[in-house]
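Some structures are shown below for you to check.
Look for subunit A in each of the two complexes below; its partner is subunit B in the first and subunit C in the second.
What follows is the complex of A and B.
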């Protein structure tokens, strides 16, 4: 079968070949996820890890946008929350079967983000960030005000079905099984994003991020690829929101609040967005730091703040970026001796 | 490049601007300028700072919207076309300041440019511009002169029919500038490219241009062969001074 496809601008492109190492890393990541619940005995730690992986997925979406479009979203909780609400409302009002509700919970925020992206990606830098913040808060306000639909500030419990795609729903509410599911999906998402950034589409969006004017003058329309990147990052956030809704069986306006967007951004900064898995690592550090500091003082956000400052000043590429750099240096030295 | 312009008007100019006007800041940087470059010609565009040279290139290339007047390519009005469409019709340009993709490798960015070309010619362009050995190098890490050549290479992918160059020799040493001039002359002849070049280096301009248009305060002051321009008293007074 031909690997030639058409890209967003109509040019003929060839899909990239993935090395065996890429597939091996995916297999190792999946195996690690399946093995971890057997090693970690504490349910609390496993719960924390599950939350971290869901938060990590949201952060990966934010990081992908920074990496590919070079812009910061202050409102990615919108897509996380819209997904959770969409799923919850469709079940609450018994509009659709749960399986279809699940698909729509992913499709609606992704499509909405794409359409919105066609407008807002034209706006550069801080103005873009402010627009995402405004959009996020608009959804938040709507969830608060639309009492009849969303039950306002109190939120509502999602009437989950007994089974979903033939699997018992109880499984997704236990940390042991939910962790494996979330971890596997996170590994697949990062792998999917890896394939995307290595594809001609990914290279093009990097070029546009680097120099949008030049990209236009070599013949590319730049809005569509940038909006598509925004939609992909929104899809990742929506998947995280859906997992949150499944795990907690409850949704409230908090999932749309700017503070969640801020937390996701902090995770991406701590981990670093140059590497696709950086924000996920940042999420794990964020959740464990929050738990640790939360046991010591009620002023735990200050400790998160100090961490962000330290990482930003000492490790501008984030912890993942710094680790990768150190590993690279070590490998070069080892190779040099050999 | 070929395609939409195959049915071009016989005898029409490769690139033509009629009564072009464009403000910049508080004044008219380009003021009812007429310019017409026949196929295959290398046309120089010179003038003192603020004469409107770069603005004229911007208007012709679509970077700046035309305020009034018409821009034609092969006789067809392209004033309403976006820069991408102009590129597809065979127009390319380079910039006064190096305009490349700094974090991408030389090869990666030329490949990206080639995906939009009907006839991708990455090897040919790299070879012509002496970039063959730099394919894997990140653009920001290569020397300034090489970056300027990369900027030109991005414009040359797909063999454009009309090439607008805004100070391609800016910042280059004398040896590099003359090498670039020779290369441009050679490529224009072999690839049958029509070139409109803005350049401050008079040695480059007078050595490669078939004709020269002189701008002053947004208007055309003179136009002619390099010899005619050298002898023009108005040009000598307004621009070249005693050096001519």
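What follows is the complex of A and C.
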């Protein structure tokens, strides 16, 4: 163990210091979150945005795993759902006060994912995707079968307390305030992931992603960093699941179903996972397209299927990646003239 | 008691046999193309519906044959339009594209056959039951076991003794060297993918009288066959056979003796095997 941690800290890659621009971007993102509910008058749009931001958080977790480990998870709903169930069950059976339940709802899925990660990250590429799908579905099956604990198929309403950390509970159930909370957390998560990616740990996982064998030859343990990356991405998914549970006050096996994992992956693919915020953009596009399609056609699944194929084949970097590339080209051109 | 157990073992063989026919299609495709077809379960589902439609007009056996042929043709199209163009890219691209296909195929089934579940009646000839050691056992289920055995033996002989079989085995060990030796892997691949998807169609129709037909039936069989393929070792024919039969038995005995945990047991088995051997029982060759 100590050798592994030594190797982690021993990765003396010179990580560039965070620029002022990144702090500025974080501040702008946070300010925009606080400002938006004032500008958007429609409660309907704000509700949709809140859902999109929660979905976006899950997608950011999936995208981070693709970016840092180079593997695709088809089962991230597991961590989203375990978090929501954990929170709900602890309150339902009156085991702990809500504040502690909140902490456990984040810790349990993250630790479980880390332990599971130690086993499954050793499985190469495509088989990893198949495995995550199967593992995710195992959690779903459990939530359906454990009637006594989870009330099975029907799910249950979470008995939320009147106040949470001294704030009235209504704050997390109304879109005006919940949107600001979710948005701020999303901005902080993306910023945190950005810091992680640029740290020695981030550089090491990228090296392992590019060539695990070589990283091992140089002397790094490769399983531990990959499992840690998996756990981080599970933590982000768990945070999304917790926000969902707070906002909806209800959990059912749907939050563990593989179609949710699939949707999150679709968001990450559409947005593009090379940039950390790509999956979040993908989520916003996904939710608004879904809303639009709902009014026009019944063939939403086929539409999204076609979109996934088109983006995968024609735009492997996703919409965010393509936008960033265009912006970069534009900057270089104007920069060249100046 | 012993007789009752025998019946349970036979029931496990029925399920294991079906799983084997579906999984072996995945194995063949992986062996040649090094990709996993996430739409495989949907092809099973479409096969069941196509078989159902043909069977209601022209009889059960025409349905089985028709579904296999239609899905084999679909397999050639899939190879030419998806696997071949994407072969130089990351296998993940193929996974995502076939995942997109999965969504499209489910929507297609919704549109063509509706949301209600259908049931394909048993063929009259096999509607009765057979006495096995004094216990009645449905004749149809025996037929399913026989078909699975026939598919297994047929494929084993084909892989072992035919020219194409030799190419398939060679390709599953090293596709590049095989191509260098002058084997047209693209043509072999179209054939092998067609066999794999044709088997998905066949098993879909055969399973139709035992399951309720619904557009979402592809999802659960996909996950179960993934477990089989991962446990058996990606691309391993014999590994898939052993894993499918084992999971068939475990699934069935689990339902009787530990009903609350039955669906979890295959997952636990999978994790256990992977802790022990990350590449599955049999490594990764056909």
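Heads up, the rule we're going with is that the second predicted complex is superposed on the first by the 322 of 338 C-alpha atoms of A that agree within 3 Å, B and C clash if a C-alpha of one lies under 4 Å from a C-alpha of the other, contacts with A are read in each partner's own complex, and residues count from 1 in each chain.
Assume a contact is a pair of C-beta atoms (placed from the backbone, for glycine too) under 8 Å apart; a residue touches a chain by one contact, two chains touch by 3 or more.
Keep in mind it's a predicted model, so treat the numbers as computed, not measured.
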{"item": "Touched partner set for A:165, first subunit B, second subunit C, both or neither", "value": "neither"}
{"item": "Touched partner set for A:200, first subunit B, second subunit C, both or neither", "value": "first"}
{"item": "Which superposed partner A:123 touches (first subunit B, second subunit C, both, neither)", "value": "second"}
{"item": "Partner chain(s) touched by A:133 [first = subunit B, second = subunit C, both, neither]", "value": "second"}
{"item": "Residues of subunit A touched, compared between subunit B and subunit C (which is higher)", "value": "C"}
{"item": "Subunit B versus subunit C as contact partner of A:214, first or second or both or neither", "value": "first"}
{"item": "Which of subunit B and subunit C A:312 touches, first, second, both or neither", "value": "second"}
{"item": "Sites on subunit C touched by subunit A in the complex", "value": "35-36, 86, 91-93, 95-97, 99-104, 106-108, 110-111, 219, 222-223, 226-227, 229-230, 234, 260-261, 263-264, 267, 270-271, 274-275, 278"}
{"item": "Subunit C-touching residues of subunit A, taken from the complex the two chains share", "value": "72, 74, 116, 119-120, 122-123, 125-127, 129-131, 133-135, 137-138, 141-142, 145-146, 258, 262, 265, 269, 299-302, 304-309, 312-313, 316"}
{"item": "Touching residues on subunit B, where the partner in the complex is subunit A", "value": "61, 63, 82-84, 87-88, 92-93, 95, 99-104, 108-109, 111-113, 115-117, 154-155, 157"}
{"item": "Footprint of subunit B on subunit A - complex, ascending", "value": "7, 9, 11-13, 200, 203-204, 206-207, 210-211, 213-221"}
